[in-house]
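In the two complexes that follow, chain A is the common piece, with chain B as its partner first and chain C second.
Take a look at the complex of A and B:
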């Protein structure tokens, strides 16, 4: 073991540096995101049902929005028919945000938990994102 | 070792298909696939019902265009009202610096709108006229040709549209457009908007914007804002339809287009007037 001590010492240093993020954050897991459905529009609904089943919305809302965007902007379509034949206007502002008007408690809670930086708000939802302050 | 090789060969032979068997299997798989597709179409009627995705109110046309009656415009229309109607509803920022300003529709005089038609002895009346200029929604839009991301594109009804989501702010289209109808957002436009209309998205820093011929209103069955605010001075309709309002208006006299000689095929016509009714039978030749 020529220079064995040094090798072992540097392996130890390397391991400490490599595992530093895990060691530093150990036992500090942030709480699960809380998604609030407490908005006037949602409370008024007799059956609290989004445009598609909950699981599909959770996992695929981004694909739905992406396809809505292309269909509205590029193909001039306006109506989305969901899996049970119910029509909806394809509009982030008019359809999604009319119910989910609590952006900070709904959209942002999951997005900031998972480190997703969406830039929808730099153009959409003008009423709530100008100098008047955030969503109430 | 030898024994193992034998075993492998045997296994290989037993798994290999004969040519005939392979073809049979391929045919069977193909038949199942085709049948499955037909079955899927049968069991999901929602897809077929929704074949028409557009709004039932949407206006349809082959080639949307505008005819601006210059005399009516100068007599009866309020320029700033028209510009304001467009800019307020579309959240167009009011930047005062001409280098960074954003405009969808604006006002200019004959000399600047029709420089190639200008001459030294041009009628003072014509010189005094003011014009409204906007995106010409060209038939061969050079902005669309140069856009590297297809963020700007031409719809089937002739409207040259912007997909701000795709715009990377390269400004090729601003260079390509012969009418200077495009503006870049050099900075966040929101502080420059007097009152944000919540029904229409704003733009963001680094995207190019321009007149969209109120495509969102046309898709809902409404005319563009400028047409609505013009007191009848701007006519809107399908240039491909000989019976349409625009074509009827064009029949009434001389009309000119901006820089038509460039071949872009602008769809905004300026009606100058002065038309003389056609003489029946041709009296001059008689």
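Take a look at the complex of A and C:
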């Protein structure tokens, strides 16, 4: 092969780039993130139920929060009525974080695992601005 | 027909994955077996094609030159358009790969009356550049699903890509640009009569397949809502060679994975292989140094020559008899 060294070097570089995820994960057992519901407020609940059914919360929580923000800030509404007719205050700090007072173990564990860059915390201080006092 | 067949193929492939996962529960096939098989075909095919090109003959120095060759010291040498050294050739190659400089020189030729006129035609260059850069950013963004912890660079790219924070999940700019660029490249083939005449199913299929991949990915993010946690667990499983399946991740994910698998498997055996071929183009990867270094065809076989000295030695007596001039009086 003419200029065989260069061809082989090219192939080697290609293979390293193309199999990069395999090389990076070699021999690593993937650790699933721990999503913790272990907070005082959740533990006190007789039925562990979020404002909407679990499956909807999993897939739609970002849209709910986004629409809450728009409705509170732009339209001045403050009450959210869920799918079974129960009212909740539309507030990340007062409603969500009063139960899920463990931001690091609840919100952040999934978001950092799946590489989602949320910008909630650029305004909200999820660690201390919480009236329920679940977190120091 | 030339569009219909590839379109049908892409729709059928997507439908196959959807039906296979939704009704036949073939997640193992579409989520593990076929992705691995596709990657294997991609790697083997890519290396095979490169080796094949590496073994083919380059008998001449055929660099394309678009500028002043290195000459006398007072003649300004165009180092990038007419590289005289390997470094210059590498520089030109890098710019070619990153900026498509030769396509920037694309011209439109038209006959106006009796005259032929040339005009600049930059749309293909722009569309191609936007598509390729968007694809690179999209690929890099996807690494967040394959690496744990997610490197800062990768999440940084995602943050910049979604910097306008439009909607939730945040709209990625490259989703828009790749879709727009692919739509443009497709429309160009369909709407420009001369390009439509030249286009073959092998031109439409990769375009439509890429559109299928992009659309299925966007739908997965906004409409079908696959569970990101399960997706990441699955991708990490694939990447660490300990595949773990999620049967509940939603068939949209499998459609996306299957179309990507088809793209990877198809890649080395199609025109998409220009990704590797660009580096092996003799017109682009050789320095134009034919006046400094003699380019010897490495495939030259030893030729038996009969030099004039030998010829004269052989026929000296006969030549002398008929009075022909001789170099050496033997």
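Odds and ends about this structure:
Note that in this section the second predicted complex is superposed on the first by the 111 of 136 C-alpha atoms of A that agree within 3 Å, B and C clash if a C-alpha of one lies under 4 Å from a C-alpha of the other, contacts with A are read in each partner's own complex, and residues count from 1 in each chain.
As a convention for this text, a contact is a pair of C-beta atoms (placed from the backbone, for glycine too) under 8 Å apart; a residue touches a chain by one contact, two chains touch by 3 or more.
Everything numeric in this text was worked out from a predicted model, so none of it was measured.
In the superposition on chain A, no contact is made by A:9 with either chain B or chain C.
Of the two partner chains placed by superposition, A:57 touches none, neither chain B nor chain C.
Of the two partner chains placed by the overlay, neither chain B nor chain C lies in contact with A:41. Of the two partner chains, chain B is the only one that A:73 touches; chain C does not reach it.
Ranked by how many residues of chain A each touches, chain B and chain C are led by C.
Contacts of A:21 after superposition: chain C is touched, whereas chain B is not reached. Once the two complexes are overlaid on the shared chain, A:119 sits against chain B and chain C alike. When the two complexes are laid over each other on chain A, chain A has residues 119 in contact with both chain B and chain C. On chain A, the positions that touch chain C within their shared complex are 1-4, 7, 10-11, 14-15, 18-22, 24-33, 58-60, 62-63, 65-66, 110, 112-117, 119. In the complex of the two chains, the chain A residues touching chain B come out as 69, 71, 73-85, 87, 93, 119, 122-127, 129-131. For chain C in complex with chain A, the residues that touch the partner chain are 42-43, 46-47, 50-51, 54-55, 57-58, 143-150, 154-155, 158-159, 162, 165, 167-170, 225, 227-229, 231-233, 235-237, 239-242, 276, 279, 298-299. Contact residues on chain B toward chain A in their complex (touch as defined above): 45-46, 49-50, 53-55, 58, 91, 153, 155, 157, 161, 163-165, 188, 190-191, 193, 196-204, 215, 219-220.
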